[in-house]
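Some structures to go through are shown next.
Two complexes are shown next, each including chain A; its partner changes from chain B in the first to chain C in the second.
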Partner chain A sequence: MTPTAVPALLPALPEIALAVIAMALLMYGVFGGERSPRGCAWLAVAGLAITAVLVLVANGDRAETFNGQFVVDGFARFMKVLVLLGSGLATIMSMSYMERERMERFEYSVLLLFATLGMLMMISANDLIALYVGLELQSLSLYVVAAIRRDTVKSSEAGLKYFVLGALSSGMLLYGASLIYGFAGTTSFVGLARLFAESSGAAPVGVIIGIVFLCAGLCFKVSAVPFHMWTPDVYEGAPTPVTAFFAVAPKIAAIALFTRTLLGPFGDLVDQWQQIIVAVSIGSMVLGAFAAINQSNIKRLMAYSSIGHMGYALVGLAAGSQAGVRGVVIYVALYLFMAVGTFACILSMRHQGRLVEGIADLTGLSKTHPMMAFMLAVFMFSMAGIPPMAGFFGKFFVFQAAVQAELYSLAVIGVLASVVAAYYYIRIVKLMYFDEPIEALDQRIGGEMTTIMFATGIITLLFFVYPLPLMNGAASAAAALFGG
Partner chain B sequence: MIIQAIAFYVFAAVAIASGVMVISQRNPVHSVLFLILAFFNAAALFVLMGAEFLAMILIIVYVGAVAVLFLFVVMMLDINFAELRQGFLQYLPVGGIIGLILLVELIMIFGTWVVAPEAGQARLVPAPTPGELTNTHALGRVLYTHYIYLFQAAGLILLVAMIGAIVLTLRKREGVKRQSIATQNARRRDEAVAVVKVTTRGGV
Partner chain C sequence: MYQAIVFLPLIGAFIAGFFGRVIGDRGAQIVTCGCMVLSALLGIVALHQVAILGQVKTVDIFTWIQSGTLELSWAVRFDTLTAVMVFVVSFCSTWIHIYSIGYMSHDTSIPRFMSYLSLFTFFMLALVTADNFVQLFFGWEGVGLCSYLLIGFWYDRPSANAAAIKAFIVNRVGDFGFALGIFATYLVFDSVNFDAVFQAVPAKAGSKIEFLGQSYDAMTVLCLLLFVGAMGKSAQLGLHTWLPDAMEGPTPVSALIHAATMVTAGVFMVCRLSPMFEYAPMALAVVAVVGASTAFFAATIGLVQNDIKRVIAYSTCSQLGYMFFAAGVSAYSAAIFHLMTHAFFKALLFLGAGSVIHAMSDEQDMRKMGGIWRQVPYTYAVMWIGSLALAGIPFFAGFYSKDLILEAAYAANSGVGAYAFWLGIGAAFLTAFYSWRLLFMTFHGTPRADEHVMAHVHESPMIMIVPLLVLAVGAVVSGFIGYEYFAGGKMTAFWKDALLVLPQHNTIEAAHHVPFWVKALPIVVAPAGIALAYYFYIARPELPGMLVRTHEPLYKFLLNKWYFDELYDMLFVRPAVWLGRGLWKGGDGYVIDGFGPDGISAATIRLARRAGRLQTGYVYHYAFAMLIGVVALVSWYLWRLH
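The block that comes next holds the complex of A and B.
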C-alpha cells in the first residue's frame, strides 16, 4: 500500500472552520436547553463572521486542493464574502421574528450554517461531483428550513414543493453530469477545459446534451424561466425571514456556480450554450416584469422580482466575456443590499403584532413611518433601476457587456422589460406617498431591523458616491476567473 | 462464453419482464415484490460484468432498505391505488407517441457520435487492471484518499438529512413515561419493598 499525501487543507480552511462551527453549535444547541436558540443565532452570526475573516485573510492567488476538486481564487473569495454577508444578515433578521412567532429552534441557525457551507462549496467547486455535493448540501438544508413551521399548512407545502421540484432538478443535473462524464471521460473542470481547448470548441453531441441538462438543473436553482414555477409558492409559504434568506444567499451562490461552470470547463463551447442563456435570460426578465404586476402579496411580488433580477444577472453571463462576469458580480452584490433592505422593511410590516404581507397594507406608510417609507422607496427605485440608485449601475454594467458582445436584441429586451418592471416597483412608492393610510402599521420596529434597513439603504442610495471598492473587487474577481 | 451469454440474456429478460410487471400489476404489494425481483436480476448482471461490489450494494441498499421501505409505505398508508391509476391506460397512446419521437430523435443524434480521442487520457483515476485488485479494494483505495473531500461532504449531507428529519418530525409529548436507568439503579430495597405483616385469615 503506497502512502498517500495529506491534501493541503489551508485553501479550504474557511469551509472546514464553518463545518466545525456548525457541528459545535449543534452540540451547544442540543445540550443548551431552553435558552439556547437566541444564543445559537448570535454564535452562528459570529461563526459566519469568522469564516468571512478566514476567506479574506488568505492570500490572493489561485489555489487548488483535494486533487483539484476544490479551487479558491479571487472570484470565489468575492462571492463567498457576499454569501456570508447575506447569510449573516438573514440570520440577524430572523431572530426577533422567530421569538415573536414562538418558533425559536436552535436547529434553524445550524441549518442556515450548513446551507451556507454548501454554498461556499458550490462556489469553490472545481469538479462535477464537488458541484453536486455542494449543491445538495445547500438544497437539503433549504428544504428543511422552508418547512420549519411544520404546523402551518403553507410552510409544509412550501417545503414539500421545493423538495419535490428540487429533487427533479437535481436529477436533471446529475443526468447532464453523467452524460458529460461519459463523453468526455473526466469530471474535473480543469480536465474538461483542457479537453475542449484542444478540440478548439468542437464537442461530442453527448457533451452538448449534457450541458443542456446541467444548465436546466442550474437554472432551477437560480429560479430562471422556465424553471421558476416553485419560486412564488415557496417564497409565499416559507416564513418571511426564510424567504429573505432564500432571495439572497442561495441565488448568489448559484449564479457564481453557474458562471464558473459555464466559463471554466465549457468556456470554449460558448457558442453552444450562449443561446440557452440568452433565451433563459429573456424569459426571466419578461416574466419577472409582467407576472409581478397583478400580485397583491408582497412576498410573491418579491419572488417575481427576484426571477427578473436573475434574468438581468444572466444577461452578463450570456455575454461570456470578462466584462460580462464583472457585470454579473456587481449586479449580484448590489442585489444583495437591495433585497436584504427590502426584506428588512417587509419584516417590519406588522399590524397589531401580526405580520402582514399585503401590498395594500403599505398604503400611506409615509404618514405613519416616514423613515421606513423613505427607505422602502429607495429600494424600490433601486430595483427599478432608476439612477442614481445602486440598481441602475448593476443593470448598466450587464447591458454594457451585452452590447459589447453584440447581443443587441438581448440588451434592448432587457431595457424594455425593466421599464415594465418599474411600474410595479413605483406603484408601491405611489401607495406609500400619495394614498391615505387605512390602518397604521405598528410603530415599534426592532433595533436590528432598523440598523440593517439603514445600512443597506445608505449603501443603495450613496453607492454612486464611492463605487470604487466594489468596482475594483468585481473587476479582479472577473479577471481571476479568466486566468488574468 | 456461451454460458455467460445465456446467463446474460436470462437475467436481462427477467429484469425487463419484472419491470413491466411492476407497472402493470393491480396489487401494489405485488408490484414491489416484482421490483425486488428486478433488483436481483440487475445485481446478477453486475456480477456478470465483474462489478461484484455494485451488485452487493444493490442488494443490500435497494432490496434490503429501499424496497422494504416501499413495502412498508404501501402497506401502512391507506392509498387507493386503483383510483390513482384510473385513466392510466388512456394516456398510454400519447405517452407512447412521445416516447417514440424521443427515441427517433435520440437515434438521429447518437447515430453520429464519436468518443473524443482524448477521453482516455483525460481520465483522472485509472481503472485498476482486473485481476490485481478487487472492486471493493480499488474503491476503498480512492474513496478515502483521492475523493476524501467528497466523502466528507457526503457525510455532512447525511448529517443535515438527519437533523432535518428530527426537526420536522420530533414532537415533545407531555405525560409520556420514560425509562430512566439511573433512577432505576439508584433505587434501594427499602424504597421499593415494604414488609407487611399479614394476619391469619385477615388478608392485606
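The block that comes next holds the complex of A and C.
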C-alpha cells in the first residue's frame, strides 16, 4: 500500500482556519453556557475577519489542490471577501435582535460560520463533487438557521419549506451532475473544459440535459424564476436578521458558483446555456418588478427585490464574456452594500419595542427619523438604479455587457423592468417624505445599526466619487476566470 | 444715441417689470416715463439729423445669426422713414405714458402696466429700426405679444381674455403669411438684409417661383405673402375682427397700440418694402383694393356702433384702409404722412374718449351719455379738434393727408385708382357723419345717464389734460407743417432713398395736377356728413329710430359688423374647436392616455396582482413550478436540437 501524499494545504488555509474556528466556538458555546451568545457572536465576527485576512494575504496566483478539486484564483478571492463581509455584517446586525427577542443561542453564530464555510467551498469548487459538497454544507446550515425560532409557526414553516424545496433542487442538481459525468466521463471542471474545447463546442445531448438540470439546481440557490417560489415565504417567515443574511451572503456565493461553473467547464458551450440564462434572467427581472408592487410586508418586498436583482446579475452572466463577469462582480458587490444597509434600516423599524414589518409603518419617517429616512431613501434610489447612486453603475455595467454581446432584447426588457421596479422603491420614499406619520417608530436605534447604516449608505451614495478600487478588483477577478 | 432711443424703453420696462415691488407704483411711473421722455427727445434730434440734415446711417450692434449664407446682424437703421416712425412712436408713447399715470391711478398693478407699455415701445422701435426681415419680424412678434398682454391686462375679465386670445390668434394668421414671405424672400434673394434684397429686386423682377407644379411671378407672390402679414397687424378687411374686440384693454393701450402705432406697422412695412412692391404691380393693386374696401366697410359699421371706443376703433380700421390704398397707388409718402397725422388725432380721440369714460364712471355706451359738455370743457374741446382733424376739415391735420391720398388715388388714373377714389370719398362722408354722431351723442342732448353718475361727472386731472392738449396741437398743426416735407417741394430732399417710386408710378406729382372738383369734393362731403349728423341727432332725434325700423335688415347687417364674426365662427372657430376637442378626448385622452400612461399602469397593476397570486404558500405548488420550469427548459432544448 503506497502512502498517499498529503495534498498541499496552503491554498485552502482560510477554509481550514474557518472550520477550526467554528468548531472551537462550538466548544466555547457549549461550555460557556447562558452567558456565551454575545461573546460567541463577536468571536465569530473575529473569525470571519481572520479568514478574510488569510484570503487577502495569499499570493495572487491561481492554485489548485486536493487533486484539482479545489481552486483559488483572483475571482475566488474577491468573491470570498464579499461573502465574508456579508456574513460578518449579518452577524453583527443580528446580535441585539436576538437578545431582544429572547432567542439568543450561541449555535446561531456557529451555524452562520459553517454556512459561510460552505460558501467559501462553493466559490473554490473545481469539481462537480466539490461543488455539491460545498453547496450542501451551506444549505444544511441555512435550513436550520431559517427555522432557528422554533417556537413560532412562521419560522418553522419557512425552514421546512426551504428544506423540502432545497432537497428537490439538490436532487435536480445531482441528477444533472450524474448525466454530465455519464456522458462526459469526468466530474473535473478542468477535464470537462478540455473535453469541450477539443470538440469545439459540440456536446452530447445528455450533457446538455445535464447542464439544464444543473442550472435548475443553481437557479434555486440564487432564487431565479421559476425556482424562486421559496424566497418570499422564507424571507417573511425567517427572523429578520436571518433574512438579511439570506439576502446577501448565500446569493453572492451562489452567483459566484454559477459563474464559475458555466464559464469554466462549460465555457465553450456558451451557445448552449446562454438561452437558459436569458430566459431565467428575464423571468426574474419581470417577476421581481411586478410581484413586489402589491406587497405590504417589507421583507416580502425585499424578497421580490432580491429576485429582481439576481435577474440583473444574471444579465451579465448571460453575456458570457469577460465584461459580463466584471458586470456581475460589480453588481453583486454593490448589491451587498445596498441590501445590508436596507436590512439595517428594516431591523431598526421598531414600534414600542416590537419589530414591525409593514411598509405602511414607514409613513412619515422623514419627520421622526430624518437620518434613517435619508439613508433608506438612498438605498431605495440605488436599488431603483437612479444615478448617481451605486445601483445605477451595477445595472450600467451588466447592460453594457449585454449590449456588447448583442443581447439587445434582454437589455431592453431589463431596463423596462427596472422602470416598473422603480415604482415600488420610490413609493417607499414617497411614504417617508410626503405622507404624515400615523404612529412614530421608536426613537432609539442601536449603535451597531447606525454604524452599518451609515457606512453602507455612504458607500452607496458616494461610490461614484471613487469607484476605482472596486472597478479594478472586479476587472482582475473577471480576468482571473478567463485565464488572463 | 440711436441705440439709446431703442433700448431706453427696454431698460424702463425691465426695471418697472422686475423691480416694481421694490420701487413701488410711483417709482415705476417715474422710471418708465423718464426713459420715454429721454427716448422721445433723442427721437426728435434723430429726426432732425436724418430727415433735415440728411445724415442717414445704420448702426450695427452685433451679429445675430450666422449660418451658411444666412447672415444678419442686429442693427439700428435710421433713414427718413424710420426717423419719422421713431418720432411718431416715441412722441405718442411718451404722452400716453404720462396720461396713464392719471388714467390708471386706481389700478392695483401699475408697475406691470407701465412695464408692458414700455416693453411695447421697445418692440415697436426695434420694428421700425430694423435693417433686415428677421429683426422686423422680431419687433413684429414682440408688439403682438405686448398687444396680447395689454388687451388682457385686466385678466380677471373673461371678455378681456377672450379678446386677447382672439387678437393673438388672428394675428397668427397674418404672421404665418409674413413668415412665409420672409422664407420666400430668402429663397429668391439668398439674403434677408434689406439693402441686399432691394438692390437685387430689379434683376429678379419677372422671375418665377415653382410651387406644386405651377409657376408664379416671384415678386407678386412675395409681396402678397408679406401683405398678408400687414393685413393681420393692420386689421384690414378679412383679418380685422380682432381690432374692435381689442378695445377691452385699458384706453391708453387702445390709443397707443390700436390707433397710433402698432396697427400702422403694416403700412410701415409696405412702405419700407416699396422697392419690392414697386416691381409687383399686381400686388399693389391688391393692396389698393383691400385698403379701399376696408376704408369703406369699416366706416359703414362705425355708423351704428354704440360703444364709444368701438366707434373710434372702426374709424381706425377705416383710416388704415386709406393708408393702404395710398400705398397701393404708389403714394407711399402720402401713406406715411397720413400715418403721422392719424397718430396724433386718433391718439387724441382715444385719450379724449378715455377722459369721457373716466368722467362717466367707466361707462362706454354712448346711449347712456349726453349733455355733459359743460362739465368737461377741455375734453369736449379736444374731441372737437380730433374729430375735425379726422373728418379732414380744412387746415386741420387730416385735411392735408387725406386729401393728398384721395387726389393720388384719382391721379393714378387706373381702374383700381378710381375704385379707391370713390370708396374713399364715400368713406370720408361716413367718417364725418359717425364722428359727429359720436360728439352729439356723447356731449349734447339730454343726459341719459342716471343721477348718480351725472353727479360724479368731472373733468380729468391735469396729468391727463396736458397730454390731450399736446396731442391736440399736433392734430392741428402736423398736417400744415408736414405737407411741404412729405409731399411738397422739399419732398425729394426729405425722403432721399427711403422710399422707391418708379417714374411711371409717380402719383404724388400727378396729384398736384388733378381737376379742381377732385380737390374740392372731399371738402364738400365732410361738412355734408356733419350736417346730416346734426339733423339726425340734434334737430330730429327721433329720426334714427324710425330709420332703423324701416330699414331693419340693413341696420342689423351693419350692427352685426357684416356678420364677419359669425361667419368666421362657423367656418373656422367651430371646426377648430370640434377638431381640437376630438383630438383631446379621442386622440389624447382615449388613445394616448388610454394605451399610454393609464393603460400601462392599469396593466401593471393587473399583472402585479396576478404575480402575487402565484404565491399560494403550498410547497407542492412551488415544487410543481420548479419541475415545470425544468421540463420547459429541457423541452426547449430537445425541440431546438431537432
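Keep in mind that, in the parts below, the second predicted complex is superposed on the first by the 484 of 484 C-alpha atoms of A that agree within 3 Å, B and C clash if a C-alpha of one lies under 4 Å from a C-alpha of the other, contacts with A are read in each partner's own complex, and residues count from 1 in each chain.
Convention: contacts are C-beta pairs under 8 Å (C-beta built on N, C-alpha and C of every residue); 3 or more make two chains touch, one makes a residue touch a chain.
Quick caveat, the model's predicted, so the values are computed rather than measured.
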Figure out whether A:Ile129 sits in contact with chain B (first) or chain C (second), or with both, or with neither. first
Contacts of A:Asp233 with chain B and chain C, given as first, second, both or neither: second
First, second, both or neither for A:Val205, with chain B first and chain C second: both
Thinking of the overlay built on chain A, is A:Leu355 touched by chain B (first), by chain C (second), by both, or by neither? neither
Who touches more of chain A, chain B or chain C? B
In the superposed arrangement, which partner chain does A:Ala455 touch: chain B (first), chain C (second), both, or neither? neither
Going by the contact rule set out at the top, does A:Ala19 touch chain B (first), chain C (second), both, or neither? first
State whether A:Ala422 touches chain B only (first), chain C only (second), both chains, or neither. neither
Would you tell me the residues on chain A in contact with chain B in one complex that are also in contact with chain C in the other? 205, 209
Complex contacts: residues of chain B adjacent to chain A: 109-110, 112-116, 118-120, 122-124, 141, 145-150, 153-154, 156-157, 159-161, 163-164, 166-168
Using the touch definition up top, name the residues of chain A that touch chain C in the complex. 160-161, 164-165, 168-169, 172, 205, 208-209, 212-213, 215-216, 219-220, 225-227, 229-230, 232-233, 272, 275-276, 279, 287, 290-295, 420, 423
Seen from chain A, its contact residues with chain B in the complex are 1, 4, 7, 12, 19, 23, 26, 66-70, 105, 107, 110-111, 114, 117, 121, 129-130, 133-134, 136-137, 140-141, 143-144, 147-148, 150, 159, 183-188, 191-192, 194-195, 198-199, 203-206, 209
Chain C to chain A touching residues, read off their complex: 604-605, 607-609, 611-612, 614-615, 617, 619, 621-623, 625-626, 628-630, 633-634, 636-638, 641
